[in-house]
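In order of appearance the chains are A, B, C and D, and numbering begins at 1 in each one.
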Amino acid sequence: MTHAHLEPSPAVAARTLRVGVFGATGYTGQLLIELLRRHPHVNLHFATSERERALEDGTPLLPADSAPLAEVDAVFLCLPNGVSGGVAARAVAAGVRVVDLSADLRLESAALYEQTYKMPHPAPQLLPAPYGLPEIGRAQLRQARYIANPGCHVTAVLLALYPLARAGALSDAPIIADTKTGVSGAGKEPKPESMFCEVYGDVKPYNVGRRHRHVPEIEQALRKLQPDCGALIFAPHLVPLEVGLLATVYATLKPDWTLERAYAEYQAAYAAEPLIALHPLGRAARIREAAQRNGAVVGVSEGQGSTLILTCAIDNLRKGASAQAIQNFNLMFGLPETAGLL
Amino acid sequence: MTHAHLEPSPAVAARTLRVGVFGATGYTGQLLIELLRRHPHVNLHFATSERERALEDGTPLLPADSAPLAEVDAVFLCLPNGVSGGVAARAVAAGVRVVDLSADLRLESAALYEQTYKMPHPAPQLLPAPYGLPEIGRAQLRQARYIANPGCHVTAVLLALYPLARAGALSDAPIIADTKTGVSGAGKEPKPESMFCEVYGDVKPYNVGRRHRHVPEIEQALRKLQPDCGALIFAPHLVPLEVGLLATVYATLKPDWTLERAYAEYQAAYAAEPLIALHPLGRAARIREAAQRNGAVVGVSEGQGSTLILTCAIDNLRKGASAQAIQNFNLMFGLPETAGLL
Amino acid sequence: MTHAHLEPSPAVAARTLRVGVFGATGYTGQLLIELLRRHPHVNLHFATSERERALEDGTPLLPADSAPLAEVDAVFLCLPNGVSGGVAARAVAAGVRVVDLSADLRLESAALYEQTYKMPHPAPQLLPAPYGLPEIGRAQLRQARYIANPGCHVTAVLLALYPLARAGALSDAPIIADTKTGVSGAGKEPKPESMFCEVYGDVKPYNVGRRHRHVPEIEQALRKLQPDCGALIFAPHLVPLEVGLLATVYATLKPDWTLERAYAEYQAAYAAEPLIALHPLGRAARIREAAQRNGAVVGVSEGQGSTLILTCAIDNLRKGASAQAIQNFNLMFGLPETAGLL
Amino acid sequence: MTHAHLEPSPAVAARTLRVGVFGATGYTGQLLIELLRRHPHVNLHFATSERERALEDGTPLLPADSAPLAEVDAVFLCLPNGVSGGVAARAVAAGVRVVDLSADLRLESAALYEQTYKMPHPAPQLLPAPYGLPEIGRAQLRQARYIANPGCHVTAVLLALYPLARAGALSDAPIIADTKTGVSGAGKEPKPESMFCEVYGDVKPYNVGRRHRHVPEIEQALRKLQPDCGALIFAPHLVPLEVGLLATVYATLKPDWTLERAYAEYQAAYAAEPLIALHPLGRAARIREAAQRNGAVVGVSEGQGSTLILTCAIDNLRKGASAQAIQNFNLMFGLPETAGLL
């Protein structure tokens, strides 16, 4: 987990960047602010909320419309889908860099966005946006003016599959992603299905099959890596945890691939990654290994015949949201990629 | 959920059977005793334990060797694998009927048992034993002298697949069973991996692939229903629940099958089953629907192409152990199948 | 736990009473319906809801205004405070007996109600109502036309103190009740403070001191038993459980009382109670002993000097709400007190 | 929360101290190592375990007997009671400073230790040891050669009471400490009562009254502050959390004290404390505010008459163990008191 090209130039190391956070009171916004406060090169200049006037620690909160965009180097958007894209466009126009944690910039086509999210795209001129999963596409993120930060399910499923897709090793059989996620992924808004008594003692599959809005996003990223891979079957499950997400992915190799050759691709892809811990062949990842931490844990296990069992555990609010946003921010500004994250 | 041939004869209904429970202090033994106490046709005559002398409510416990086998009509064995088979053989020899909750009588061949459990079979003369999953083979259980009661993972996976396997609808692609289970399935013995602080906040895959001891048992049952079905990939996950088990099964249909035709098989198989609730097509089962209850909940959902998502939720200690044992006992003695269970 | 005067007359035992439930979709309403369905002398004739048209199992739900009051023998009211009292008055006027699970009939004076609940009393003509904690006042509940069913905190605290208050043993030092309660006590309505992520991993004191609305109700009951007892300090704590409530009560004896004499009062009060389990002196009650059960568990432990530690565990939805409502109903109609509860 | 005298001299700030940890594999040892690794002035030189040869991250573990005591500036002892004191004595003799997280050095008299822990004291020559609760006695910890690090219940109860005891404000009425603690406090050793299925869904009082071994330690500290304070009634409760402890303390003021005057003592005692957050008068502390953090949260609420409700929340493994050990270490060596802790 060392990474040769991450050393900052002395000039960069001395720099402090001013940032703003839009949407500071949700789970991702709160954690982002906590992480930014410990970031050695960041000065949190403003934070916004439409509902509250201050954070618990007293930090004042502005309405988004009053945020002094012109005074910051970058903004992080923890805003609802459909709203975030418009703010991103305004920021980009003002020369402010953007890490967008909403879904607005993740799909490359406005038409697919409309079909998936059932609303017009708020900023089609920004598409396609650089896709902020550094381990699968770091180059386009350096110096990027804006970045679409992927969500938790997508991050875990893609990290589980990336080395195989990059190598073109996936057969055309369906790829099955059975994920288990903590409740914070549903956000802070009170909803019946997020109440303690609904979740406690339960494991609940939801939107299984191809119904979940993240299916097009995962397939978009996979197909760019390997156009002939199989279709995705996605089955998310809600489990009684606050944070954490485990993706258990069942993928079938092309005929000329073995388990060992497949594992060698994982070693090649992840050995030098500062935020990925790859388990020895045969050891599966578990949530406890990744919860409260900023990276991901990946495991490769034997299934049967040419079908493998790939596991990826992350903290859904960290590598699945706010920590990844900071990783992207660091790349954008040429800072050490893990600044503020270790 | 009505079942025509379950009406008891008046003679039977009036009868009270004397039973004994071997291994009364584990989770399945405790719950079994609680269920037997409310059973209208049962008198609990003795219960055994090697470590304790009384249950919490004062019921005396005998060492197994002192149990008055000759005085009961039937015994339930909640004993360790390797021990249970021997007690079963003694009971059968004494003319006492047996429901064995251990794994000893579940595999049909002593050789496969030795290979799977790494010890000689304690009572090969009892093999093959009637397999106590009533919904897939009720006929052989009526009047049976002894019954192998299946475990929780196996019950859930088989109930998810049975209607398709019975109809010969499964392709030869691997069948993937991703299960999520509560901690009581690991038993009452203090173990590091069952400690509160190990389980809390975690989801942990274990023995994934073909390594779990239940793989041969599931395949044995599936192959009897459909010899040409695919091999099993089994990935159990420990989740922070006390009771409950969800099997999410991904199965691929033969080319001439549709989702609707497949669902019709579930309706045909389960509509009249008193202990199975079949969800409408497209609704997945969740643990909360089955926890603390004696039956199973089954769902059939669309996956992609010919791959379906089948879900089965049970209480691992009830339909996955003790309640199913009573269901088998009822069948054995010609009692109403759900006596003591509704 | 046997109770001599609970045997029903043959006439009563054969009877079936028709009942209605107002407010069927909250936690107490749902559980009440589940319990009533297994009650041997009850026919559930209607259930109401303003928001839903059917229960999960298909039982139709009526708006309260359409409920055929005239067709039932009794109604259970699981309605909001301020609404329930009015429905109670209508039912009583129609000759239908009432068990009211709201707070409306619990305080004996309309003035105290107004001061506590900050609204006018909806049915002052029904005050004072028979108070439905059978163990401390069974006589007035037999044949009662309507009953105020106490809530969970109050039930647990009063059962912990009753034998001492009845004997006049409490000094005038403050009585401290530190309670720990599961989240279902807060009801089914989505609220920020009942969300999974708010409760998980936390223990939270709320409305401590004399601020909780149950303080006047507890003191009202205590003072009727012993007018010179000390004032109540009440500190409820929310813990991450679905159901269950533990009251740990610190009470000081008058000078001439010893621990042993105090314990003898508990034996005298509770030995014959069918729904109270009294622990041996020195063993404290815990939630696990009472959760999912219909009775209460009481413990008496030594504190220091003349201060005792009294513990009472209940299931907040059962002995703290719905099961107690059925116990009261049984008393009202001369049925066996534990019918449908064991 | 600023603290004037905490600025290190430039000499100190540049220093790196070599430390060893005895007992690295328990919960406190593991966390201590994690915290020490981020400490700016510490080099972890060795860690010991009798059972394991390496930590999960590969750090080698030595048997305690092979640890190179002479090579370090200080050792932290996370060893069993009765063992730890002996190691402490050896280290002190070798001129190595000691922070002992066991109970061995906490009581000031060997006789009281024997009576409390039912074994001879392993190192009576070290008694009385400086008591490592910095907020109540920082002066004696600076430059100390060895320090007794208090446990989690004691820390929380003393922080709740300290300002009153220091001011002599406590009456002679019993002080009641009702604590709620997570399961990690019971240690990592597999025990029946720490199993997931025993703890889940429960709240369990244990060793209530005066039976817990921490009663003499709390009273020893209180009486040094205020010799005429009342006796302690202590009722710890196990709750289904991994980490966190809440002490709810009921204390009675002397006649001439008011709530406001009492609160002023809390402000005076804690306003400048870097690791104590004092809530506004009337707001109680909750576990969520302190879990995963290194400090304590204190609340003062009105009870009734002269009885107050004092709350203190800590992370039992941090301010209740390992973080406090580092705070003590920092004091010992003249480092900034919060080095490695913010």
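We adopt the following convention: contacts are C-beta pairs under 8 Å (C-beta built on N, C-alpha and C of every residue); 3 or more make two chains touch, one makes a residue touch a chain.
Source: prediction; values computed, not measured.
Between the CA-based centres of subunit A and subunit D the separation comes to 39 Å, rounded to the whole angstrom. Centroid to centroid, with C-alpha atoms defining each point, subunit B and subunit D lie 48 Å apart.
Residue positions of subunit A touching 2 or more other chains, listed in rising order: 198, 201, 240-242. Taken as a graph of touching chains, this assembly forms a single closed ring in which every chain touches exactly two others. Here the chains touching each other pair up as A-B, A-C, B-D, C-D. On the side of subunit C, the complex with subunit D involves touching residues 173-174, 176, 178, 180, 198, 201-206, 208-210, 231-233, 235, 237, 239-242, 244, 246, 248, 250, 284-288, 291, 301-305, 307, 309, 311. Against subunit D, the residues of subunit B that register as touching in their complex are 27, 183-184, 188, 190-192, 194-201, 240-242.
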